[in-house]
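Just so it is clear, A, B, C and D label the chains in written order, and each chain counts residues from 1 on its own.
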Amino acid sequence: MKNLKLGVIGAGRIGRVHVQNLLTRIGGVEITRISDCRIDQARSLAKDYHIKNVSEGYGEILNDPAIDAILICSSTDTHSQITIEAAQAGKHIFCEKPIDLSLEKIDSALKAVQKSQIKFQVGFNRRFDPNFKKIGESVRRELIGLPHLVRITSRDPSPPPAEYVKVSGGIFMDMTIHDFDMARYIINDEVTEVFAATGNLIDPKIKEAGDVDTAMVTLKYKSGALCCIDNSRKATYGYDQRLEVFGTKGCLVASNNTATNTELWSAESQSKDLPLHFFLERYTESFVAEMREFIECVQTNKTPSVSGHDGRQAAVLAMAAKKSALENRPVKLTEIL
Amino acid sequence: MKNLKLGVIGAGRIGRVHVQNLLTRIGGVEITRISDCRIDQARSLAKDYHIKNVSEGYGEILNDPAIDAILICSSTDTHSQITIEAAQAGKHIFCEKPIDLSLEKIDSALKAVQKSQIKFQVGFNRRFDPNFKKIGESVRRELIGLPHLVRITSRDPSPPPAEYVKVSGGIFMDMTIHDFDMARYIINDEVTEVFAATGNLIDPKIKEAGDVDTAMVTLKYKSGALCCIDNSRKATYGYDQRLEVFGTKGCLVASNNTATNTELWSAESQSKDLPLHFFLERYTESFVAEMREFIECVQTNKTPSVSGHDGRQAAVLAMAAKKSALENRPVKLTEIL
Amino acid sequence: MKNLKLGVIGAGRIGRVHVQNLLTRIGGVEITRISDCRIDQARSLAKDYHIKNVSEGYGEILNDPAIDAILICSSTDTHSQITIEAAQAGKHIFCEKPIDLSLEKIDSALKAVQKSQIKFQVGFNRRFDPNFKKIGESVRRELIGLPHLVRITSRDPSPPPAEYVKVSGGIFMDMTIHDFDMARYIINDEVTEVFAATGNLIDPKIKEAGDVDTAMVTLKYKSGALCCIDNSRKATYGYDQRLEVFGTKGCLVASNNTATNTELWSAESQSKDLPLHFFLERYTESFVAEMREFIECVQTNKTPSVSGHDGRQAAVLAMAAKKSALENRPVKLTEIL
Amino acid sequence: MKNLKLGVIGAGRIGRVHVQNLLTRIGGVEITRISDCRIDQARSLAKDYHIKNVSEGYGEILNDPAIDAILICSSTDTHSQITIEAAQAGKHIFCEKPIDLSLEKIDSALKAVQKSQIKFQVGFNRRFDPNFKKIGESVRRELIGLPHLVRITSRDPSPPPAEYVKVSGGIFMDMTIHDFDMARYIINDEVTEVFAATGNLIDPKIKEAGDVDTAMVTLKYKSGALCCIDNSRKATYGYDQRLEVFGTKGCLVASNNTATNTELWSAESQSKDLPLHFFLERYTESFVAEMREFIECVQTNKTPSVSGHDGRQAAVLAMAAKKSALENRPVKLTEIL
């Protein structure tokens, strides 16, 4: 099979992760050009991985007829515009989450995608995490019968800086969006209503920035099943990423990953490792797997499993949760659409 | 110390548990008389434990000046009336939960208790469970700092018969009431608002009886902390009783109890025992411990840790949850009081 | 069924455990008399449990025609003599381990038992522990096929005083004897050869007393299966009692018991309770269960599952291990018999 | 830093693992030439990783002045000869275990290494496994005080073919050799005496090939500490690789690794994943880490942590174990040297 030629837009932390995975863990690709409005970042990444072409704008990437596909790893506010232009240019797109903070812009982007023949995949990498993927597959194999209750725990090890919070779109669009997608993915059902209870319990600067740091979100599914997502911006013991699905025939549970499977038994306690602390450690394999799927979909003309619709629905859920928290009442998704 | 003389009102399942625990695990007491409107039950229990006096009505118990204290183990609709009469008769009272299904009756009962000098303890035995008690004490010792999130999982192994459901007062008053008490106990804070999402996912007869079988209840505390209780009437793998409290400095987690700590590793899986299936097995020790506390409080003139107010608050939470589910909106406790 | 009438010889720690269990957890028995050469101990125990008759010697017990059965809980050096006399007096016998420190005396005692019609049970309570019993039954149900490897970990929380060590018969007869019995019980096979490696790593006083404090003992079974027992007199984290049986179709593993199933996750570690520290806590249920079996065997004329032969074989293994350690070579059981 | 130039001798399974790791996970190296007496294997591996030069003999590698270091991944009987020639040629050497089956040849090889200035590292990759490494470091940090007992469980998922067994040098040299090295590494102490109990319980063909398939090996350390290694050639539940070190202040325990941290709770059992089945999955990270150390040692002129002496000692232990099993007696290492 011919090597796929890729352009990478955005050379920040997540762009670097994808470049490294593509070149060292996946293969079968060539990264033709990297762009970043902070040109130094693009240069630095390109140098580390022996990539020849670098530019400030992404135009050079979209205009290069040799490039088959692009990764959109730039800031959120650029995602929808780049998606539209890239779709028109016939480039396959892997787009980091969220597609945009505005439903209108998301819809414009998805429309452009639909008109084209391109593959479009959204970066909900957690679907590819071995723990969650196994649970998703076990649900589909009906190992627990019909799902009734879903519990998602998602707690960050430490809060982001206030400056980031201000432009993040809020906790639901920035952090819970992964959990909203997980809620839909894990039992393959649509959510119809959202109730969000929130708190400012950690950092007053987050409140000043107009956001919350703690949340418990209840989701009702079409099937009648219920889900609770709990979020905190600060778990001292590390990155807490757990999941549970309860159904008519049993329960599936994912606990946290640790660096080792060792314990120390002393006169004080029996203790084991803390959960993996950093999201790049925790989701190492899921970042590789989502990119592997994207490459494979482009190469073999398959449809990516994480669609534009998935990206849109997660954003709609985030919007509904925000409205629910503001108005302190359950919000139906039909109120958002 | 002189043996305490007890009368037991109600010789059903839970009455039997207390009698057995008092005589075999606790000691220092004498059970003077057992009454039950189904006189055969009273006789059978009395015979098994060599108790001399049996009656159909509880009047003989309240009128016996030798009796120091009573256990109210009769049907819920009799609790408040017996409490009033016993308080007037100066008998210390251990009362099974709930105190009553109506707030008015609960308040009458508590008023009578307050006017008297008697000890009054409500049967929220789970506070005495070693797992939950250790977490409660750890929270009070501030091992996790300030509590932010509480998660309570409480799932029955199988649904009750429809006839029982009809007179139970509904899932919140019958089953979740334990979890409402746990929510208050575990972080020593008052709940101010309740949102209940419910479902009829298990048995259509429960729906016909006017009740639900699945619930996710969100609680907001005065401190701003949040709690999610999830309930199901049917967990195929057994009685699922877990608890988690997350705070500024860490997280406390209680998992299920099993009959043994053994595992079987085979070509198919690594498997361990199911959770203890029946509530009497699961809460064996907590039933003993609550009764031990009651006896000790009477004998040494201490105030029981589970008060009439605790019994009332759990009932108020159940009422708020019911209202919330009916009206699909968060309900403040001040709406109930 | 008529209450069984019992005499208890020896009112020390273990005698007290059995008396308490018989009267509070088992029932159907009457303890007619307690004897102890330290008469005060007998009186104290009798008083606590409202037992009427007390004596210094055990003669009054053996001579009382009303007494059906006895418990031998006196010091080891009296076991065989009392067994012989009690068997001649036609009393059923529950005898604490070991039967004696000398094979000759053990054989005399067993001969007396054989000549009589009495039931004789040896106090290898660990066979009745829920963890180990479940593994034993799982092996018999062939859940792991043919057993190949057995691993027994048995470590005390703290070493006994040197005075005790001097009269204990040595670590193999005093401590490992339980493990030797477990090795035979757990896979229902006979051991043919023993190799014992030992060490004095904990307390020099144990060495001065002529004993070791650390051991690793390899057993070869008739079937060709192999077993390793590891012992230490001092595990800082508590009483370590684990077991593993590996076979053609899988592996059965018993881990330690803890007081609760709770964990604390903090910035330092994820920690859980230590193993139960004291043998009376750890083996609470097994002491009850062995006594329940003894009573039942006497009442219903069944043969106890822990026989005099079992008591003898464990002692033979202890002797073989001692010889092996002294001579630093594997010792066949036929060298001892 | 200049890229290190490597030659790889032996293009079988393990050679392929190292080549892949060097090129995708480590970097900073160039693989100049691959040789294999089965030239097709060399060609196939070279093609997959775009390596230019291939040869049947290893002479071309040793004679190429541009090559800095070699990996010896050929069959065991060639290790010592290649080591001697490579040392004379001044190439740094990473040598797969065992160095040789004969002590004489091992010593010749180590002598040649000693005379040269080269780095020499033996492929005991398990020292680099995150579980075992963490325990080793914890022992060195004295988290459990002085070590008293070591338990190593090492069971293969399925037995090798009889043809392999015949040339393997026997279970101790082929399989237990890793455990012998682990025993020395994990508490940083030398073994002085070995007792091996063995069995033929799995496959009669292994017996016909003159080998055993089950073993329990007791080691005595200089310090007086004791170790038990248990081996089986067939664990139906997967590759069982566990370790425990017990000391004056506590115990360190490593359990098996699984593909996910998920559980399924059903009406039948609570089950989790089987241990990782294949050694390449189980030790993925340790193969990477040992190679990373080798490269770093060469590049920065450090001494590898796994020395020729370590390779020799593990072989001596294997020989002592074999002698012990044959003669059914403990064998001192001084009998082998």
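The rule is short, and it goes like this: a contact is a pair of C-beta atoms (placed from the backbone, for glycine too) under 8 Å apart; a residue touches a chain by one contact, two chains touch by 3 or more.
Note that the coordinates shown come from a computational prediction; the quantities given were computed from them, not determined experimentally.
S.K.: Applying the touch definition from the top, give me the chains sitting in contact with each of chain B and chain D.
M.R.: A chain counts here if it touches both chain B and chain D, which gives A, C.
S.K.: Sort the other chains by how far their Cα centres are from that of chain A and give me the top one.
M.R.: It is C whose centre lies farthest from that of chain A.
S.K.: Return the chain pair with more inter-chain C-beta contacts, choosing between A-B and B-C.
M.R.: Of the two interfaces, A-B and B-C, more C-beta pairs touch across A-B.
S.K.: Between chain A and chain B, what distance separates the C-alpha centroids? Give it in angstrom.
M.R.: 42
S.K.: Round to the nearest whole Å and give the separation of the Cα centres of chain B and chain C.
M.R.: 40
S.K.: Can you pull out the residues of chain A that are in contact with at least two other chains?
M.R.: 236-237, 249-251, 265-267
S.K.: Quick check: in the complex, which residue numbers of chain A touch chain C?
M.R.: Chain A reaches chain C through residues 236-237, 258, 265-275.
S.K.: Report the residues of chain C in contact with chain B in the complex, numbered from low to high.
M.R.: Going by the criterion above, the answer is residues 24-25, 27, 130-131, 134-135, 138, 143-144, 249-257, 259-267.
S.K.: Across the complex, what residues on chain A touch chain B?
M.R.: 146, 148-149, 151, 153, 155, 195, 197, 199-202, 214-216, 218, 220, 224-228, 230, 232, 234-237, 240, 246, 248-251, 328-330
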